[in-house]
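Next, two complexes with chain A in common: one pairs it with chain B, the other with chain C.
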Partner chain A sequence: MGRTNRPVGRKVSQDFYTIEQAGDAFVVALAGNPNTGKSTVFNALTGLKQHTGNWPGKTVIQSRGEYIHQGRRFMLVDLPGTYSLLASSPEEQTARDFLCFGQPTATVIVVDATCLERNLNLALQVMEITPRVIVCLNLIDEAQRKKIVINHQALENRLGVPVVLTAARSGEGLGQLKEEIALVAGGIIRPQPVPFRYPADIEQEIAKLDRLLPSTLPAGLNRRWVALRLLDGDQAMIDGLQKCWGNNVLRRETA
Partner chain B sequence: MIEMGDLTMAALAPGTRALVQSLEAKGLLRRRLLDLGLVPGTVVAAIGRSPAGDPTAYRIRGAVMALRMDVARQIRVLPIPDSAD
Partner chain C sequence: MSEQILECAALEPAVREAERLRAEKGQLFHDQIAASIYSRAEDIAKDVVSAAGVKTDWDHKIDRLVTSRIFGYPLMLALLGAVFWLTITGANYPSALLGDFFSAIEKQLTALFTLLGAPAWLHGVVVLGTYRGLAWVVSVMLPPMAIFFPLFTILEDLGYLPRVAFNLDRVFKHVGAHGKQALTMSMGFGCNAAGVIAARIIDSPRERLIAILTNSFVPCNGRFPTLIAIAMIFMGAGATTALGSLAASATVIGLVLIGIAVTLLVSWLLAKTLLRGTPSTFTLELPPYRKPQLLQVIVRSFFDRTLFLLKRAVVVAAPAGAITWVLANVYIGEISVLAQVAGWLDPFGRALGMDGIIIFSFILGLPANEIVVPILVMSYMAAGAMLEPESLGALRELLVFHGWTWLTALNFMLFSLLHFPCGTTILTIRKETGSVGWAVFGTLMPLAVATLVCLLLAQTARLSGLL
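Coming up: the complex of A and B.
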């Protein structure tokens, strides 16, 4: 239990936040609510080149797969389907830890086009952690059946990140998705998620914490995200940070 | 003493709507409910009850989901007078 399968020819790091990659494979995280067709997207992109195991120390299933796009290798890490990153179920913790500490070069958020509002909860949370995000608006064939019309451009403008429409079941949009992933992972596109502002009193506390936090955070952690989680009193997050930082800094700042 | 807003989601009859006021739930359940969109000001509609009487299906922000009575009882709502779904 808790052991991942070893990919052919590659050593998997003991530290599960870091997935060692040979050569130049871009590590890409795949996030999304349950039942969004995330698995379909994963399978369509990686075909048979998949490995399934567990996230170490957890009963949560981890799937990894590879594909090649225009001569570059991409390793897709399928995160557990979650409605949020904030609750403390093992699935949500796993997803959150990987996004925070695993430093994927890009994250695809699979969103159900027939249920956009609920799906955006997770999407916005992910965008608070990392800007390197592509929204994959899946199930557009279902949406069409239900006569739901999505204003693609408006959504892109409002979110500030690339949005790709797909119907993964039939392969529609997957080529475009691979292209956007490559552009974000390669740093050619730098998405700028439209910042989400909280009420003034919370923003004040965030600013205070931002001044107190060390000038550089480990693993490229998003300062705002860290401040928000500390304000939330998120114990799992505090523990995770403690592992990275050691105890002293954290105790002082959260006193 | 009966206060305004003593109605909970569990008491909503199918075909009626209400406005979420507050959550009694704490901890993980509270977090889950918030993530499902049950924040103050959200309009919820009771759609139908299962044959056993529990759970009840509700429409919450465009998504239909079933909530058990013991969960729905922890969500305080204000009824909305019209009965359109």
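Coming up: the complex of A and C.
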């Protein structure tokens, strides 16, 4: 497709969210805060099979790479490092849009074990969008040095998704991570994120909006999450939603 | 195609209902949603993390204190006050020493000029104009800078500034600006041009513009010495007594607070009028506290800041001193050029509780704010009073001789605090916004604010009979 300055409407969203050449590979998103060793994990998993470019329409770098695990191809998409998915920076928007509309088969959230609390903010927000999540608790070696002990089982229980301990720099735990990704992407494990209740008045409004939303949402979006974003007044999200909608219908019409 | 429009329309009721709810509750949902997620993260972390390292524990304890709702602001004020107090008390003695030193050299220079039989005008330009200007800048501004910058750098190095930003974040969000503006404002205390560039960390163009346009309302390194010197002279009665030092420190703190208040007020006005929109949320990382490397701090802040600024002041002040002397000594008919221009500006200056020469100094000081006082002093000296500014006391006499009162001093400091940013900052605004229009606005808007504040103050003082 040639570049035009003319707004190309619904076509844009399709280019935006569909990862080319995925073919029969599982698309796996890699999310995480900045400085959590996300890139180290990405490099360790994909080796030299990487492509870099920009996300269409944004000046945000997009990296993807491939690896083969037990005969299956996995396409890893490195999302920009962000602290949250709530705000309006291009990085956060890109990361969120991909999680919503790119429909990755699984999402790995890289979490810094030395400051779990701050990192969990992002993890919780990702889990609101998609349940197919694996938490990669990275920098576990550094946490040990700082005498920080994290109860692995308790964290898994509280989140409701698999948690893998890694020290990506030394390669520790990466085999286990690949294994978990394969299990979640292949649908053998179906993580059930622990549902999160907001304060009563917000829950009330969510229920109200839920009733007003159409019966089916595009891209298999979580109704509750869409209601929350509407309540949040997230205009970029609303626009994206409407675009993706047109896109969905377009696919249906041409099919 | 029709199906698509139909389906898009299906989203409308929910979107409209959400809009209605938001109009009712404002930012409440946005904040509540963010707060719920954060508190859940905290809850889980508390549950699964144990035996956290001793060091982080300390960090947390200190953070609780310095960012607490009750102690946060008083602690900020106390630290700032301590820095100013140390600066003012400590600067007095070396200032006088340097003043004596330079005036001794001036006598030698004058003797040399007489010995060589140099014409009076040359002596005037070189010694009375340029040399005195330089001597003044060095003796009055060097000691405060040499004390203030290391102290400020220590606070920076400790990791205290991000905590200040954290404390102020709430307020900035409240006025409809970005919380990170607290950081760019803190940067502005160093240098407004740097603060304007730092506004790049704000992603939303609307909030970035607000941060850029209001940055010059906090005093930069170039203006701190000016404010400190005038506060020492007028509010601190030369700062020779403990009480005087306290009064001078309190004045500078007051000015900083006024600067912050005006920043917030103007941000709010901009967010309500020209630059409307909702503030965005962000995560501010509080870095761990570090032990500052004292020696390095002193060396670095002396060379990087003190000498850098002094060099800039000298480079600009020397020609400005010569030009001022020429302007004051070239006559058109009966009066000098300087007196002529100052005469035109005088009604405007008087209305603001100052005079024409002060306004003229501010205009000549556009390239660099730190030369406003040297130009002012030289203009006053050229205009008659033959005083050597060898000490703060002599400077006070010079200013009083030209009709200065505490009101003049206060208006001068307020005008210095709020008036247009320096030339470098204006150029930076143009570069960062990519628009001449915003640069002009960023110049004229603060000028209007400064004029308004001084006008109100001067007129109120006059009407209420305080003067």
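Here, the second predicted complex is superposed on the first by the 227 of 255 C-alpha atoms of A that agree within 3 Å, B and C clash if a C-alpha of one lies under 4 Å from a C-alpha of the other, contacts with A are read in each partner's own complex, and residues count from 1 in each chain.
As a working rule, contacts are C-beta pairs under 8 Å (C-beta built on N, C-alpha and C of every residue); 3 or more make two chains touch, one makes a residue touch a chain.
Only a predicted model underlies this, so the values are computations on that prediction, with no experimental measurement involved.
The superposition on chain A brings chain B into a clash with chain C. Contact with neither chain B nor chain C is seen for A:N43 once the two complexes are overlaid on the shared chain.
By the document's definition of touching, both partners, chain B and chain C, reach A:S84. Counting residues of chain A touched by each partner, chain B versus chain C, the larger count belongs to C.
Shared-chain residue A:K147: touches chain C; no touch with chain B. Of the two partner chains, chain B and chain C are each touched by A:N121. When the two structures are aligned on the shared chain, A:A227 is found in touch with chain C, with no touch to chain B.
In the superposition on chain A, A:I202 makes contact with chain C only, while chain B stays out of contact range. Once chain A of one complex is fitted onto chain A of the other, the partner contacts of A:Q176 are absent, as it touches neither chain B nor chain C.
Only one segment of chain C in 113-121, 131-139, 167-175 or 347-355 runs into chain B in the superposed model, and that segment is 167-175. In the superposition on chain A, the residues of chain A contacted by chain B and by chain C overlap at 83-84, 86-89, 116-118, 121.
Interface of chain A with chain B (complex): residues 83-84, 86-89, 115-118, 121.
If you check the complex, the residues on chain C that touch chain A are 1, 3-4, 7-8, 10-11, 13-15, 17-19, 21-22, 29-30, 32-34, 36-38, 40-42, 44-56, 203-204, 278, 280-283, 285. Residues of chain B that touch chain A in their complex: 28, 31-32, 35-37, 61-63. Residues 10, 83-84, 86-90, 116-118, 120-121, 123-125, 146-151, 154-155, 158-159, 196, 198-199, 202, 205, 208-209, 212-214, 227-228, 230-233, 238, 241-242, 245-246, 249-250, 252-253 of chain A are the ones touching chain C in the complex.
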